[in-house]
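Okay, got some structures for you below.
Heads up, the next two complexes both have chain A, just with different partners, chain B and then chain C.
Coming up: the complex of A and B.
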C-alpha cells in the first residue's frame, strides 16, 4: 500500500520536462523577434515589447478558459459572442445613472460570463450534446440577442474605471494587464498541477469512463470547467472593453481563431487530456508577435490571413499530432 | 415491422415532416401564394445551402468536421466572378476552373488531415484562413462579371419546375447511388462507423479520408459556382455564414457528427428546412436583426431532440465517452 503511494510522484516527473511543442513555439517567437528587429529596428525597443505583452495578456486570459475546456476534450466556440455580450453588459451597467448600480458593472459582467459558461456546460455535460455544435448554437443565439438588444447600433455605456486601470495603466512601467496575466498564469498553473480539480481535468480528458468509474462526479467537473472558462472569457472581455474604452458589436469576432490556435500550437491536444497552460502562454505570445509583425510589414489583410493560416499549419505539421490511428 | 422501420428512420422522418409542414405554412403566408416564381426564388436560395451542406456532409461522414467550407465556397465564388464571364469554350473552361478550385482546396484539406494527422477542427481552421485570405486577395470588394445567359439558364425554371430543384434532384440521385452501390460510398460509411474495422477490411483510411475531403471540396465549388449564378457577383466575405449553416443543415437532416450515420436525402431535407425557417422569419415580421438568434435556437433544438435517446439509457456508463 505504502509502496504504491511512493511510486506516485515518479509518474508525474515528466511534468518538469519541457514539452517539445513549447520549445518549438518559443523558438518561433525568437525568430519573429529577430525578423521584426531586422525589418523595423524599434520593434525590439522595451516600449514596443511591453505593448506586445499588454496585448498578448488579453488573448492569454481568454485562452486560459479555452485551455481548460480543450484539456477536457471539448471545445468552446461561443467565445466571440461571449466576449461581446460581457463587454456590452458591463458597459451598459457601468453607464447606469444610479452610482450604486454602476459599481456593480464588473461583478455583473463576471456573473454574465459564468452564466454563459453554465449553459454551455449543462448542454455538454448533462444533455451530452456535441460541444462544438452546442456552443456554436449558443454563439449564434447570443449574437442575435445582442444585435436585437442594441438595435444594431453601437451600444452606449461607460467602461468601469477599474477595467481601464487594469487594461491601460502601468505600474512601475509595466502594463497592469501583463501583471494581471502573470497572476492568472500562476493561478491556472497551480490549479492544473497542484489541485485535485486539475487532476480530474486531465483524467477526464483522457478517459471519461475511467474517471466516472473511479467515483468522480464527471458531470460536475465538466460543468465547473465550462463555468470557469466563461469567467475567464468575461475577465478578458472586461479588460478588452477597458482597453478600447468601449464595447462594440463584433468586438469578439476576431478572437476565436487566435484563442484556439494559441491553445493548440502550445501543445495542448485538441482531443483532450494532454497539454499545459504554459504552452498556451507561449502560443499567445507567438500569435501576438506574428500579427504585430504582419501589421508592421503593412501587409494587406488578405496576405495576413494567408500567412497566419500557413504558419499555423506549418507549426502543426512540424509537430505531427500523434493520434494513435491503428 | 413497419413500426420498426419507422423508428429506425426517425432521424430522417422528423425533419422531413417538419420541413413539409413549414413549407406549407411558408407558401400560405407568402403574399403571392404557390407559383413557379415563388418556388423558384425559394429553391435557388435552398440550393445554395444544399450544396454547402453536401460539402460538410462527406467530411462529417468519415467522422471529420470542416470549418473551411465557407472559405472554400467564398474562394470558388470569387474565382467564378473572374472565370465565367465569357462565352463558348472559355465559359466551359471557366466552370471547370471554379469546380477545380473547390476540388483542390478540399484535396489539400484531405492531405493535411489524413497524411499530416492534424485534427480536422484545427487543420480546417488554418486552411480556411488561407482560402479566405486568397479570396480576399483576389477580390477585396464584392464585384465581378458573370455570364448572364448561363445565370438565367441556371436560376429560372424548366417549364413549371425550377432549374435549381432539378439540379438538387440530380445531385441527390448521383450521391445516393454512389453511397449505396459503390465500394467507395460504402467505405465512407465504414470509415465513419468504425475506423478499426474498416482498416481491417482492407479499406485505406488515408485514401478514403482524402477522397471524402476532395468530394466535399468539389461540392463547395458547386456551391460557389451557384452563388455566382444567383448573385452575379463574387464576394469574399460570404464564408462564415455558410460554415455555420452547413453544420446546422446536416445536424437538422439527421446526420450524426460522430460519423457513419445519415444520407443524402437527410442533407437536402436539413438544408431546405433551414432555408424555409429563415424565409418564414423574413415574412413573419420578426426583426431581421434577431435572425441569428433563431438560427442558433433551431440548431440547439435540433441537437437537443437528438439527445432524447439519453432517456432510454439504462447503464450510466454508456453516457460517457471512451
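Coming up: the complex of A and C.
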C-alpha cells in the first residue's frame, strides 16, 4: 500500500555507458601508443597524433552509419562501392563547366548516398531479403555501374572546395575533419540516446516482432536507418575525396573491413540491439593507430589484413555476446 | 498393480537456476506398470522434474536411482538409452524433415553408418497404433496441423520403446476421439510394464487415466495418493494451497442488447484459417473466444489488430469502418485498440530491456519525435503498476528478471496507459500463478465496468465461463456457436469446441 513510485527512472545512461568493451579498446589504444612511442619516438609528437585523429575521422564518420545499421540488427556491405560512387559523383558534378551546377556537387553527393541507402532499406524492410545478400548485390551493381560510367579510367573531375577545407585544413591547429567528427559524435549520441528514433533502433535490434506488435512502424524505422547510413557514408566519401583531392576507382574498397571492425570491437553486438556510438569512436581510433603502427613497423599490406581479421575474432571471443533470446 | 518394484527413485533432489529454486529437496518415486499423474500449478516444478528425468538438466543436489542404482545422465540421448523417454510440451520436431525421419532419428538403427529401412516400418506401426494412420511418413512436419504434430510426437516416443514414458501435456491439442485412442495405447503400455508419468491440466483426463497422483506446489512434492483417494476439490486445494473462491470477481450486470457495439467484425476470412467470422463487442462487455487450439480464435484478434496480411471482410470501430489495419493505426487515439500477444517472451516484450523501457514502448512516438514522455501517461504507468501490485527489485532491471505473472502486468500497463477503447487479449493468464490470475481477472472486470470493450481469447474454460458475458466458440475457422447466460457452461463450451453442437459440423467432428 505504501509502496509508491516517485518517478519512473529516466532513460539510464549508465546502462549504455559502462561497457567493458570500450575500456578494453581504450586500453588497447594506450598500449599501441606506448609501443609506437618506443619503436619510433616521433610517433608521440602532437603533429603525428593530430594526423591520426584526422585519418580516424573519416573512418569514424562512415562507421556512424554502420553503427546504426548494425544496432538495428542488419549489416550494410555496400559501403565500399557507395564511397567510390559518391566520390565520383561529387567530383564529376564539381567539375562541371557551369558554376551553378558545380556548386551543387556536395548536395548531389549526399542525395546520391541517401538514394543508395533508400534502395538498401527498401530491399531489407519491404522485400525482406537478408541485408547481407541485398547490400552485397547492391555493392556489386554499383561497382559495375561505376566501371561503365568511367570506362575503367580514373574519372576526371574537380573536388569541391568545401570538402578540401573540411578534410585537409586546420582551425587553430586542429584538423577540421576531427572537429567535424566531434560534431557527428555529439549528433549521433543524441540521436541514439535522446530521441524516440534511438529507442526504436535499440528495441528493434532486440526484437523486431515485439516492436511491430507494439504498434511501431518498423519498416519506416528500418528504411530511415539505411538512408541515414547512406548519408553518413556519403559524408565520409566527400571528405575522403577532399583528402585525396580526387576520386578514383576502388577508393572505398579498403574501408569495408575497418568500418565493421570499428563497430564490433567497440562493443556493438553484431546481432543488434546493444552497443553505442562511443564504442565505435574508440574502435575507429584503435584501428587507425593499429594500422599506423603496422606501417611504421613496415608490415606488408597482406599481413595487415590478417591482423584486422584476427582482432575481430579476438574481440568477439572476449565479449561472447549474451543475447538472451538465443 | 502398484506393488511392483520402484523403477525410478529421486531422493533429496534440488534444482536451482541462480537465485531461483525450481525444485527443493524432492523425494519421489514411481513404479513400473503404473500410470502416475503429476499435478501442480504452472511453476510448481513439474516441467523441471520431467527435464531431470529425461536427462535434459542435471540436479543441483540429490540423487536419481534407476532400478536401485544411482545414475547420472549425460544428456537426453543417454536417458533414452536407459529407457527414459520424454514427450515434451514444446514440440520438439524438426519442421523441415519428414515425419518418418523425425521418428526414426530419435533412435537411429544403423548398419555400417547407414540407416536401416526397417526403422521406417516400425515408425509406421507406431503411428498406426495411436490411430494416426492417415499421417504419411514422407510428409514434412511443417505441413501438419498442431494436433497431427502431437500425434507424431507421441509416435516418436513410442518408437523409442520406453520403460518410463513421460507425457507432458501430450494431448493438449487433440480432440476427444484422438485422446481416447492415445489413452488406450497408454493403458496397453502400462499393462506391458511401462511406467507412464502423465502431466495434464485436464482433470477428467487425469481421472480417467491415472493410477496414482502426485501433487507438486512451489517446487515441493506435496503428496502422493492413489487415484480416487482425494476428490476434485481436495486436489485443487492441494495444488494451490488455498481455496478457489476468490479467483473470479463477482459477475457484472449484463449489457443491454440495444447498446451500439464498439467493435464489429463482419465476414472476416483469412487464408484457410478463418471463414466468415462475424461478431460484435459492446462497450462494457468481456467477449470470450474459445475453442480448441488452432481453430482460428487467435487469428481473428491478430487480423483485427492488423498483424495479418490479406484479410478479407470488414472491421468497424464505434460504427466507423476501420480498413488498412496495421498495429500502428490500431493503437492511434481515434481507433484505440490494444493487443496483448500470446507469447509474452518473444512477442510481448524485449526481455533484455528494462521494465520501464518495455512499458514505454507502445506509448513512444505518440507525442511527436522529441518529447520523450508525457506526464499524463507517466502518471498512468505509475498508477497501473501500483494498482496491479507489481513485484520488482528495481524498475531498471531487465523485464526478464520478473516472473511470468509480473511480466504480464508490465505488458498490461504498457497498453492500458494508452487509454484504449478496446483491448484484445490472447490467453493472458497462460503460465501465470493463481494470485496474479485473480488480479488480472479483477482488473479486466473493472475495465469492463468502466466501459472498455474486452475481447479475451482463452484456453481455460473456467475463465471463459466465469469472466465473460458472451463466448464465441471457434471450430475450423468460424464461430460454431455463441454462448451466453445460462447456456455458458463448461460442458457446452467443450461440446461446441469439438464441433458437436453445430449441426453443420456434426459429421465433420466424427471424422
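In the analysis below, the second predicted complex is superposed on the first by the 306 of 326 C-alpha atoms of A that agree within 3 Å, B and C clash if a C-alpha of one lies under 4 Å from a C-alpha of the other, contacts with A are read in each partner's own complex, and residues count from 1 in each chain.
Rule of thumb we're sticking to: contacts are C-beta pairs under 8 Å (C-beta built on N, C-alpha and C of every residue); 3 or more make two chains touch, one makes a residue touch a chain.
Owing to the predicted nature of the structure, the values given are computational and were not obtained by experimental measurement.
Q: Once the shared chain is lined up, is A:207 touching chain B (first), chain C (second), both, or neither of them?
A: both
Q: Under the stated touch criterion, which partner chain does A:290 make contact with: chain B (first), chain C (second), both, or neither?
A: In the superposed model, A:290 contacts neither chain B nor chain C.
Q: Kindly classify A:274 by the partners it touches after superposition: chain B alone (first), chain C alone (second), both, or neither?
A: A:274 contacts chain C only, not chain B.
Q: Which of the two partners, first being chain B and second being chain C, lies in contact with A:195: first, second, both, or neither?
A: second
Q: Examine A:68 and indicate which partner it touches, taking first as chain B and second as chain C; both and neither are also allowed.
A: Touch partners of A:68: none, neither chain B nor chain C.
Q: Please indicate which partner A:308 is in contact with in the superposed arrangement: first for chain B, second for chain C, both, or neither.
A: The first partner, chain B, only.
Q: Which partner does A:139 contact after superposing on A: first (chain B), second (chain C), both, neither?
A: first
Q: After the superposition on A, what does A:148 contact: first (chain B), second (chain C), both or neither?
A: Only chain B; A:148 stays clear of chain C.
Q: For A:217, decide between first (touching chain B), second (touching chain C), both and neither.
A: second
Q: Comparing chain B against chain C, which has contacts with more of the residues in chain A?
A: The partner that reaches more residues of chain A in the superposed model: B.
Q: Residue overlap on chain A between the chain B contact set and the chain C contact set?
A: 207, 209, 211-213, 323, 325
Q: Note which residues of chain A are touching chain C in the complex, please.
A: Per the stated touch rule, the residues are 3-5, 7-9, 11-12, 15, 194-197, 199-200, 202-203, 206-207, 209-217, 273-274, 323-325.
Q: Please name which positions on chain C make contact with chain A in the complex.
A: Per the touch definition, chain C meets chain A at residues 305, 307, 326-328, 330-331, 339, 341, 345-354, 356-357, 359-362, 364-365, 369-370, 372, 378, 381-382, 385-386, 394-396, 398, 400, 414.
Q: Spell out the part of chain B that touches chain A in their complex, as residue ranges.
A: Listed in rising order, the residues are 65, 112, 116-119, 121-123, 125-137, 140, 195-196, 199, 205, 244, 247-248, 251, 257-258, 287, 289-297, 299-300, 303-304, 306-307, 310, 316-317, 319-322.
Q: Applying the document's contact rule, which stretches of chain A touch chain B when the two form their complex?
A: 73, 75, 123, 127-130, 132-134, 136-145, 147-148, 151-152, 207-209, 211-213, 218, 257, 260-261, 264, 270-271, 300-310, 312-313, 316-317, 320-323, 325-326
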